[in-house]
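There are two complexes below, and they share subunit A, which is joined by subunit B in the first and by subunit C in the second.
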Partner chain A sequence: MTQLDIIERRDGDRLVVTVAGPVNSYTYGDFQEKMTKALAAHPLVVVDMEKVTTLSSAGIGVLMAALDDAEAEGKRIVVLRPSEIARLALESTGFSDRFPVAQNLRDI
Partner chain B sequence: MGLNFISFIAAIGIALSGISIHRRGGRDAATRLLLIVDAFSFAYALLHALGTSQIDVNHAALLRAGFACLAIAAGFLLAYGLYFPTRMGRFALPLAILSIVGSGGAAYLVAQGFDFIALARQMPDRIFVTTGRLFYPLVDIVAAVGALSGLLQVLRVFSRKAERITRQRATLAALSVVLSAVGTWALIRLVPERSGVRRSFALLPLAPFASALLSAYTHSLSRVFDWRENGRRLLSYLILGLLFGLPASGVTALLIILGSVYPIVPIVGSPLVFIVAFRSARRFSERSLSRLGSSREYREELESALAHIDLAKGRDAVLAELHEELSDSLGFKDLTVLIEDDEGVLKTVYAPGGGQASLPRDAELREHLERSGLTVLMRSEAVAAPIHENFRSELVTLLDNLKAEALIFAKEGRRIIGIFALGARSSGADYTDYDYDTFRAIYGKLFVFAFYLKNVARESILYTVDRELALSDQVIRFALEKVDKVESPTADVAWMTRSTRRLGGDFVDFVRLSKERSFFVLGDVSGKGLSASMNMLVLKSMIRTFLRVERDFTGLVQRVNLFIKENLPKGSFFAGVFGYFDFARGLCYFINCGVPAMFLYVPSFDAFVEIQGEGRVLGFVRDVTPYLKPRKLAIPAGSALIVSTDGVLDSENIRGERFGKDRLRASARARLDKSAREIADGVLDDLLTFTDKRQEDDLTLLAMKFHARSAP
Partner chain C sequence: MTTSAGFPPRAEGKAAPGSPGERTVIPRRRRAEATRVLPARAEGVFAFETFIDDLPFASERERHRLKLAGSEIFDNLLHHAAPLDAAAMTVRVSRKGDRIFLAFYFKAAAFAPYAAACSDPELRDRDPLFDAVRRRWRGIGLKMCRNLAQSISFRAGETLDRIYLVFEPERP
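After this line comes the complex of A and B, so read on.
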C-alpha cells in the first residue's frame, strides 16, 4: 500500500481519525492538515493507527506537534491500537509513554 | 580584637575592588587614577587597622602614615573626577596636578609630626588617640573640597549634551568622591565622644571602603541603570521579607526558646520553617509579584511571536514581520539588518529607515567584535565599556550609520554572519538591563533568521525554477565543507549520507578540539526535503556555536534540545548521537539521543557488541536532562565502530523484510580488514543490493577503525 487513507467520524464529542497506509515524507502533509483541523474543532481526537504500515520521523513529528497543541489547549489525543510498526516507531523516540495509547474505544 | 577588625575587612574589600577594576581592562587615565586611589586607600585601611590594634607597635606613627595615604588617595580621587566619565577639557591636567600636589602637601603635614595625631597610647581595651591642632581643620577642608568637587562634577556633565549613561556614571562617580570625603568627616564629627574617646575612630576606613565599592561599580557600569526595574525588585524583596521572612524569623526564635526545654525542636523545626517560608515566598512571588512589572515585561510574548514567524513566506515578508514584532515589543521604529554575503562582507539587506553600513571580512572593528565574544552591544557599552576603548569612535560611527541604539550579532562559532540593528525608542527612553537580557534571550531565534537570510532566502535562489534541487547542491556542499578533519593517526574515519530526493535531514559532523580530541554528532532531523535540510543546517551550526560556550556535555545536549523545541518548526525532533573522542587515551564518551544502532567491534571477543543503549530524541520535552545518560566507552586498538540512523535499518526489500541490525553487522564484519571508507561504501552496496536499488529514507552510516599508535 503506497497511499494514505484518512477517514474521520464523529463519536459523541470526540473525533475518530482512522489512518491507513504509510505515514512518510510523501504523505504526512495530509495527515498534518487533518490533525490540525480535528484538534481545532474537538476536545478529544482518537487516532486509530491499526492499519499504519510505515510511520517515519515526519509522521511522528505530526503526532508530537498535535500532542503539544492539545496539551496547550487543554485537549486530548489518544492513539488507538497502533500497528506493530507504529508502536516501534513511537518507542524509538524514547518517549512512547508520552503518547496516550488505548486498545479499545471503550477504554477512552 | 575590637572594632578595628572592620578596618581589616575594609582593606580586603578595597583590594578586591582594585583587582576587579584591573581585571576589567582599560588603561585610560581615569582607570589608572582609580587604581592609584585604591592602592592608597588600601594602604590607609591596613595601616589604620594596625594602628588601632593591640599589637605592640608605634601606633601613632602607623596612624600618621595611614592618614597621609588617605590624603594622597583623596587627591587622586579628585583628579579621577576630572577624567571620569569624560575628560574635563583643557583644565583637567592642571587641576589634577593641583589636587595631587595639594594632597601631597596635606600628607606631609599629617605625617611629619604631632599636629595631626599627637599621641596614640595603648590602653587595656583600646588605643587612646590624642589629636593635634591640625586634625579637625584638615578633616573639614578635605570634606568641603570633596563635596564641592562632587557637585562640580555633576554640574559639568549635566550642563551639556551627554549620553544618559555618561550622566549616570558621572553622578555615581561624584557620589563616590563625596562618600569618601564626607563619610570620613561624618564619622569624625558627628559621632559623639564618650569619656573623651570616639569609638567611631576605628571605623574610619569604612568611608573609603564604601567609596571604593561604588567607584568599582561605577567604572564597570556600561548599561543604563533601570531605576524602575531595580526599584521593583527592591520592593519585591521588601514585600517577601515582610510577609514571609519576618514571620519565619519569629517562629524560628520561638523554636529556639523552646529548644531550652526540647533541644530537638529548633534542630528539626528551623529547617522546616525555612523550607515552608521559602516555598510559600516563591509561589507568592510567581503568582502575585510578577504583576508589579507587567506592562514592561514583554519577553515571553516577543519570544512566542518570533517563534511563530513562518519562514516559508519568503524573505521580504519574514523581514517585515520580524520588524513589526520587534518594534511592537520594544517601541522603536528603525530596524536595519546586515547579512554576510559570499565574499564575507556584512552588507545591509533591510533598512526601511535608511541605515547603511558595510563591514568587510578583514575590518579591524569586525575582528574586535568577533574576538570579544559579544552577542549584544548597546550604545551605552560602546561609549563606556573599557573593552571597547580602542574602537569607541568606530563603534559609535557604526551605530550612527545604522541609526541604532543596540546591535545583536548572529554568530556562527566566532564569525558574525548577521547584525540586527535596533533603532532608538520612539519614547526617547534608553534600552535597559531588562532589554539587554531580552536580547540575549531571543538571540537563538534571531540567529535562525540570520541563517535563513544568509543561506536560504537569497532572491537569486528563490527565483530558481527547480528551487529544492538548486538549494540541495548548496545545502550539501555547505554541510560537507563544514566537517573538521580527524587528525589522530590512530583513527580511520569515514561516513556516507545519502538522501532521498537529494534533500534530507541526516548529517554527520566532526568538530576538532585538538589533534587527539574530536567532538562528533550523527543524526537525523525529522521531516524531509527542503525544510529538513534547512533544519539540519541550522542545528548543525547551532551545535558548533553551543560547543564554544557550553563545557558540560549534558548541558550542551540540553541546549540543543531546547533550541529545537523553541526554534525549529513545531514537531521537529532530532534522533542521533553526540560523542567525544579522546584518541590518545582510547576513550569515547557519548550520549544516545535516539540513534538506533551503534556497534563496537571488540577484538578480544572477535564480535560486534551493541552499545547504543536507551536513548531519547531531542525536541520533544523542554528539559531532557533527566533522560540523558552519558556513557563511557573504551576503544582499544583493533576495534571498530559502526553507527547508523534508522534509514539503514528500516530499508526493506521487495518481500517487506528489513535490512536490520544483523545484516548491518554481517556486512561490516565482512570488511573488517578493509579501511573505514571501504566499510561504509561496502555496507551501502550491500544495502542497495538488498533493496534492489530502492531507497525510501535517508541513509547515514559512520564507520571508524582504531589503530595502535606506531612506535616513534
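After this line comes the complex of A and C, so read on.
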C-alpha cells in the first residue's frame, strides 16, 4: 500500500482522525496538515492508527509536535488502537509513555 | 546478476521468481537472503517497504523491525548522503539462524558522520531534541534505529559504501 488515507469524523466535541496506510517520509506532510487543522478546531483529537502500515520518525514527529501544541493550549490528543507496527515505532523512540493510548473509543 | 556493479555476489541455492530487481535465495539450513535495487529518490521508500513486506523468511515482527529501521536509514541516505553517485542503491536482507542482517550498499560522499552518530552506543539514552526554529523534532529516527537493531556499522569501500544493521532475536 503506497497511499495514505486520512478520514475525519466528528463525534460530539471530539474529532476522530482515522489514518490508514504508510505514514512515512513521503506521506507525513498530509498527516501533519490534517493534524494541525484538527487541533485548531477541536479540544480533543483521537487518532485512530489501527490501519497504519508503517510509522516513520517523520510521522512520530508530527504526533509529538501535536502533543506539545495540545498541551500548550489545554487540549488533548489520544492515539486509538495503534497497529502492531505503529506501537513498535512508538516504543522504539524510548518515550512511548508520552503518547496517550486507548484501545476503545468509549474509554476516552 | 541484478545488482549494481561492484556488489558482491553470494548466490547459493535456488533463486525464486520475482520482479527484475529482486533476487531471493533460499539456501540450506535457515540461511536465506534477498536483494533489491531501490530507486534513490523519495518514492523509493515504498519499494523498500514492499520488499520487506514480501520477505518469505522473516516473521511479521521481524519484518516490522526491518521496515521501521530500514526506512529511516533509506530516508537518511537520501538526505545526508546526497548526492548519491548512482541512480540507485542496493538493499540486502539475510538470515543466519535467528539473526537477521540488513545492509544498504551505495556510493556517496560524506555519509560517515551520520553513520557514526547511528552507531553511538549512548544514543539509546539520549532524547531527541526539539528544534524550536523549524518546529520539528530531530534525532527520533536515529534513536529508533538504535533501539530496533542491536548494532549499526558503516564501512566506506573503494567501489561501494555499506551500512549494516544486525537484528538479534528479541528477548521476552
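The rule is simple: the second predicted complex is superposed on the first by the 108 of 108 C-alpha atoms of A that agree within 3 Å, B and C clash if a C-alpha of one lies under 4 Å from a C-alpha of the other, contacts with A are read in each partner's own complex, and residues count from 1 in each chain.
Please note the rule applied: a residue touches a chain if its C-beta (ideal position, glycine included) is under 8 Å from a C-beta of that chain, and two chains touch if they have at least 3 such contacts.
Keep in mind it's a predicted model, so treat the numbers as computed, not measured.
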item: Subunit A as common anchor, with subunit B and subunit C clashing or fitting; value: clash
item: First, second, both or neither for A:95, with subunit B first and subunit C second; value: both
item: Touching partner for A:61 - first (subunit B), second (subunit C), both, neither; value: both
item: Which superposed partner A:25 touches (first subunit B, second subunit C, both, neither); value: both
item: First, second, both or neither for A:84, with subunit B first and subunit C second; value: second
item: Subunit A residues touched - subunit C or subunit B, whichever exceeds; value: C
item: Subunit B and subunit C footprints on subunit A, overlapping residues; value: 24-25, 56-58, 60-61, 64-65, 68, 92-95
item: Parts of subunit A lying in touch with subunit C, wherever the complex brings them together; value: 2, 22, 24-26, 53-58, 60-61, 64-65, 68, 84-85, 88-89, 91-95
item: Subunit B - residues contacting subunit A, complex; value: 500, 505, 524, 526-529, 570-573, 575, 594, 596, 614-617, 619-621, 627, 646, 696-697
item: Touching residues on subunit C, where the partner in the complex is subunit A; value: 42-43, 45-46, 49, 60-61, 64-65, 67-68, 71-72, 75, 124, 127-128, 130, 135-137, 140-141, 143-144, 147-148
item: Residue ranges of subunit A in contact with subunit B within the complex; value: 24-25, 32, 56-58, 60-66, 68-69, 92-95, 98
